[in-house]
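Questions regarding the structure given below will be posed in turn.
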Amino acid sequence: MEILGGPLFAVAGAGESHGPGVTTIVFGCPAGLRIRRDEVQRYLDRRRPGSNRHGTPRQEADRVVLLSGLYAEGEIDQLLSGPAVSISGEGDSATESYEVGFATGEPIAALVLSTSQRSRHYEQFAGPRGEVRPGHTDLVKYHKSQGFIDIRGGGRSSYRSTISDVIGGAIARIFLKERFSTEVLSSISQVGPLRTNLSLAQHFESVRQKEESRPVTPEQVAAVEGRLDEAEIRSLDAEFAQEAGELIKRTRIEGDSLGAAVEVVAVNPPSLVGEPLYQSLKVRLMGALGGLNAVQSCEVGDGVQVISRKGSENNDPIRSRGYQANSHGGLIGGVTTGSPLVCRVGFKPTSTILKTQQSVRKNMEEIDFALEKGRHDPCVGVRAGVTLESRLAIELMNAVLMHQSGRVDTRNFRLF
Amino acid sequence: MEILGGPLFAVAGAGESHGPGVTTIVFGCPAGLRIRRDEVQRYLDRRRPGSNRHGTPRQEADRVVLLSGLYAEGEIDQLLSGPAVSISGEGDSATESYEVGFATGEPIAALVLSTSQRSRHYEQFAGPRGEVRPGHTDLVKYHKSQGFIDIRGGGRSSYRSTISDVIGGAIARIFLKERFSTEVLSSISQVGPLRTNLSLAQHFESVRQKEESRPVTPEQVAAVEGRLDEAEIRSLDAEFAQEAGELIKRTRIEGDSLGAAVEVVAVNPPSLVGEPLYQSLKVRLMGALGGLNAVQSCEVGDGVQVISRKGSENNDPIRSRGYQANSHGGLIGGVTTGSPLVCRVGFKPTSTILKTQQSVRKNMEEIDFALEKGRHDPCVGVRAGVTLESRLAIELMNAVLMHQSGRVDTRNFRLF
Amino acid sequence: MEILGGPLFAVAGAGESHGPGVTTIVFGCPAGLRIRRDEVQRYLDRRRPGSNRHGTPRQEADRVVLLSGLYAEGEIDQLLSGPAVSISGEGDSATESYEVGFATGEPIAALVLSTSQRSRHYEQFAGPRGEVRPGHTDLVKYHKSQGFIDIRGGGRSSYRSTISDVIGGAIARIFLKERFSTEVLSSISQVGPLRTNLSLAQHFESVRQKEESRPVTPEQVAAVEGRLDEAEIRSLDAEFAQEAGELIKRTRIEGDSLGAAVEVVAVNPPSLVGEPLYQSLKVRLMGALGGLNAVQSCEVGDGVQVISRKGSENNDPIRSRGYQANSHGGLIGGVTTGSPLVCRVGFKPTSTILKTQQSVRKNMEEIDFALEKGRHDPCVGVRAGVTLESRLAIELMNAVLMHQSGRVDTRNFRLF
Amino acid sequence: MEILGGPLFAVAGAGESHGPGVTTIVFGCPAGLRIRRDEVQRYLDRRRPGSNRHGTPRQEADRVVLLSGLYAEGEIDQLLSGPAVSISGEGDSATESYEVGFATGEPIAALVLSTSQRSRHYEQFAGPRGEVRPGHTDLVKYHKSQGFIDIRGGGRSSYRSTISDVIGGAIARIFLKERFSTEVLSSISQVGPLRTNLSLAQHFESVRQKEESRPVTPEQVAAVEGRLDEAEIRSLDAEFAQEAGELIKRTRIEGDSLGAAVEVVAVNPPSLVGEPLYQSLKVRLMGALGGLNAVQSCEVGDGVQVISRKGSENNDPIRSRGYQANSHGGLIGGVTTGSPLVCRVGFKPTSTILKTQQSVRKNMEEIDFALEKGRHDPCVGVRAGVTLESRLAIELMNAVLMHQSGRVDTRNFRLF
């Protein structure tokens, strides 16, 4: 089952790159959370290829409609003010969708349609003589599925499937912010060989230490988001962002691609959440973030740097107001400490390049592969931030519900 | 998570009675299965309230669109000939949907929209002074969700949610029929106090014994389906169906309702499927069928009758061609024997009636409850057959994949 | 996975009829619950074949040891006063086990050893020419496992595997009793053709109505348990129990067997628990109870009787103090109403009988089957009560934790 | 639920550091696999603290007994020749355990007892004034469990819980080796600041290229294992191992600790396994390996190095005999390509050190923390290899069964 998170808060997704649409069902949102379609849309807008100066040139509206799981007694008109959805043909059906309402605890379904894709051609990749793009899933998926594979744009292995992640993440973020003032942010920290020394983790850790471990304020978050929004690519370091943006442009012209690294941070996370051992929050975050398409490394807290440290350097001192450092990245024993959750995720350079490469046809005939047509996104990592934030939020929210499940308050179990 | 079946073949559903639509994602369909939208539609048509002379008078088109998980290399035009789907407003999106294609193994999403529901009024049930319909979920769900509940038509607890069951079941049935010639049928065996002695189980058992345990033929199945289609209500016994139909009409006029029992049978089931003990096919079928809305009993094979038998009467003799009787209903130790799978499901009389009843408001004030407006379906059991068949098919298909998983054939694991 | 309940409170089991022992791991017990080994043992004692005058004559100690998941700060001596466990041979290991402590929230492991079984012989059932016992899992499991099957005493399909159910159930019952005063009881209501009209459901419903819906008191429960303990077989109706006991004795002498039905009731259940639809408490109870070995029917509330009722007879009236009747068996829409949970489970007559029957060898050669040696338990249903109670308690407890998970109280998420 | 792997092949574990024992249940081993207790023991022996010159000085026998899920028709004496297990006290029970047999497909339970721990004292950590060890789970687990926590040796968060991983991994490895000649190995690649340039991945990749992509032979594997066994610490680079061993000794004397990195590789992995997206093998391996206690980074294939590469450098060329390089680490799109699976896991320095550190009591009073007594393992990473190998094997085996489930062969579904 393609389920992200769970077993309590979980996201099911369906839909291929060039199929009719991406369908998402979000399970386990507690009743009573107020959800606005435009908040979900705002995160989706950040995910869109065209939202970024350096992504793929494809333009997609990615307009989301919400189809279930909300209600608003006494505000039905507002509830039903979302975009109308219709199905053509005999027995036409058309209906309003939801714009703003309260979660009922039932599954929340969301749909993002694709614009019509009929005109595209994919002959280069079709059938047993179809050519294999090095670094892509073409070959393994063709043989795994015994040839029954959607060759258009990578099928479901496309980045387009992350629409579901972002929708589920949006709902988790609304919940976490409302209840715990938790906010999830990300900053690009490396593009190819270029790196920045500025990190969200350090930024917020210094804020925390200055403020004596008080929660990060909305204003402090907004200030950081402002810097991220303004940068050439979404990074805390404007100068690095500028240089990286130029490198990406040059690399696009060369027909080549670049790897990238992204730091993801949750500030004001709820404490004490995360199951022990096999389903710990560390297991879940490493899997959810490290398992994303094109990712080849995932670090928690100070990550690979801790390998070369001594224990006396690495153990974070504890005072009565909280941990005095965050080498541990907010997780000890897979349980949240209240310090910011910190991960760093490394992406390989985009597989699709314009240079000729050694490859095979699906029937294993050897070829020199050159892409006949198609878009070219020289650095997928730079637009992955919102997906990583979403996955972190989904796992964190599931962990919150898991922790709460063990604290049974009998007052919640009375009817008469 | 609202998941039916699984962990391999599974159906996720979302959508309330009067919400914008019912969204379904079907996981785990093996790559290569040819799926036609109109076959799925055919089962949905049987589910529709208006499809039956004795159901609720509500007319719903229930037109399904398939949004992912199919492909058809070389037949893209046919693949994309399904109904167009569109979302209105700025940044309009519209796309073709899938009409016929081969499963790719990826999740298959399906959408059934509701027709516009804005005009309906539900003041009688709204808010803390809202009235509680006896036998309905109004009261428990209101308090479970702390008041955040969709009061329109029962919300998700409505029979409308079974659209997902039927869509998932349709795909399972296409698979089971293609691979094993398995067919799933149901026959109404009781309506209120009226019963029939004719049963699908006995009918097919006598066919099997006559034919020396050879598979039931498509013609034999078609003959039974013809009888079911022609009867006043879907029962093998036309005379009983006639009488029951008249009883339902009289009961509707009286403003009262009736219980019913439905027999569900799978002929030519694959043998040897079903896990042991806690996740046995018996556990799964008892849960999936016995747990449907309004059901209060579920029996396998000869069901409650076996309680009063002796072992010497009840043990089914075995010969080299198969079991010589089917008291066991096709399951021994929770594993299929190849004899038809047989279940019998008992429904309570529909809760909604027009007579005045003792009830409360949601705030527990006592009232005499009388329905102000709304439809009245006097016997829900008589249109539950296709849902029961669907749930059986979903669990059976999941069990097939589970059994296959343990028979590892190394030829399936080669690439180069 | 052989998991009962879950995903929050769950029981994993392992172990065959004549293997070294039955191993159980109980997941999800909230931290802080005080657990005594002797309470768990008390339920296991009720399960033992020899615990009942009419079960199989096999004598088993079934002594349970608790190996993890408990602690007792300041009472380590008491904690460690359970039976010592040892493993022989070079590098002997021996350790105390737990007698009484508080759950830490970590998995609780329990072990029940078998007494040495080496001397038994099972040639009659061995290999491809092994004989098949009609009604048993011999044939399907042999072919499902391609011959790799433990033929001793039914392997894991034996009733002995229910030790895990009872251990998990014991922990759930301790929790439910402590927090909600919930108690789970069962009464045999039918043995072969003999039935009783006395039912636990009616008994407690009349108590409830008399007491104006106040909780059932411990004394009222104890009075019923006293009657059950004293009866010839565990039934509320002493006269019926006497007759049934005699029928069982006669049937044993005849070498035949009898079916039975058992009513299971939970009084003072927590209200509002149970997920909607596909994982509702009704789905889970129907599956867990109806899927037990040898069961062929499961009913909730008034069960098959409701089929022939009218809605006006069947809808339970509601007053401000609670439901005025319990046709619904404590569940509406799969959610608990606070009325007692009521199920009725029907067992087939024990498959093992001494009479000659038509059967086959595992290679499908036809034979006249007669049991060469082995025990004979003429009515398995009469000792299934404690297992059914356990399964109900496990599912109810899981549903409690599920319900609590959605009621997030931010005070539970603070560390500093 | 503490489940590793799954839903098909899965391992459940229970047991704390100083509790009576560690209990393990392995689900989903296909029937027919021959399993020897001594093979399982061999892997456990590698895990033992005392097995390594540089681990903690604690001596534990860690003798495993197998309690279910095996059988051996015609070889019962051999089957039952495992160590006897007994429980003392009134109603003593003692039984043989399994030494060698064939998996029946039923759950396999295993028990490893602790030696008696009663004499140890843990006052330093007890109660609300108990001291918190920086870097340990003491604080979060105490508050998560509201004080109900086993303070002895870290409770379940101890490394001792990995006994279950190794037992489950042993069974997966026996299966993978028998069916696919898959072997899993690991090599320490960094200790504190010391690194080696030798890697298993490069070693086997050069073997593969030389041999034109033919499977790695048992002799080639044995040669590598010989080198690993002989090294001062388990590394392919003997010189590095020597230096690292000395550094560890010095660091132990200083009362400090060191981080480490371990490379894990599976050669001859089955191709085409791994689900798409949310449950891909990459998600699962990143989670299972990256989520282990004390781990803060996990890399697949060339890991963090790929970030700074261009696509034209990083895409692995494909020829008809296979991939010509393995930057991808054996996984593309989360599916195996047949190239070796390669991961690199980074461990923080052991939290327990002898130097004084700033910390708190569990009630948040500030203290200078110094360990009063207890063992000190200066570099946990160096003995984690067998656990990492085990987790990789478990996830790989589950993925094999998942892939097979979709390739339904109707010949597996016949009985008569």
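The letters A, B, C and D name the chains in turn, as written, and every chain counts its residues from 1.
Heads up, the rule we're going with is that contacts are C-beta pairs under 8 Å (C-beta built on N, C-alpha and C of every residue); 3 or more make two chains touch, one makes a residue touch a chain.
Since the structure is predicted, the reported quantities are computational estimates derived from the model, not experimental observations.
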Interface numbering overlap (same over half, different under half) for subunit A and subunit B: same
Contact-richer chain pair (by C-beta pairs counted) among A-D and B-D: A-D
Whole-Å gap between the CA centroids of subunit B and subunit D: 44
Interchain centroid distance [CA atoms averaged], subunit A/subunit B, Å: 36
Distance from subunit D to subunit A - Cα centre to Cα centre, in angstrom: 29
Overlap residues in subunit D, where contacts from two or more other chains coincide: 1-3, 7, 13, 28, 31, 105-106, 139-140, 143-144, 156, 271-272, 276, 320, 337, 364, 403, 415-416
For the subunit B and subunit D complex, residues of the former touching the latter: 7-8, 28, 30-31, 105-106, 179-180, 213, 270-273, 276, 320-322, 337-338, 400-410, 412-416
Subunit C-facing residues of subunit B, complex: 1-4, 13, 132, 134-137, 139-141, 143-144, 156-157, 161, 190, 192-193, 251, 256-261, 271-272, 275-280, 282-284, 286-291, 293, 295-304, 306-320, 324, 327-329, 332-337, 346-353, 355, 357-360, 364-366, 381, 403
Sites on subunit B touched by subunit A in the complex: 1-3, 6-7, 10, 12-16, 19-23, 25, 27-28, 31-32, 61, 63, 65-69, 71, 73-74, 76, 80, 83-89, 91, 93-98, 102-109, 111, 113-118, 126-127, 139-140, 143-151, 155-156, 364, 415-416
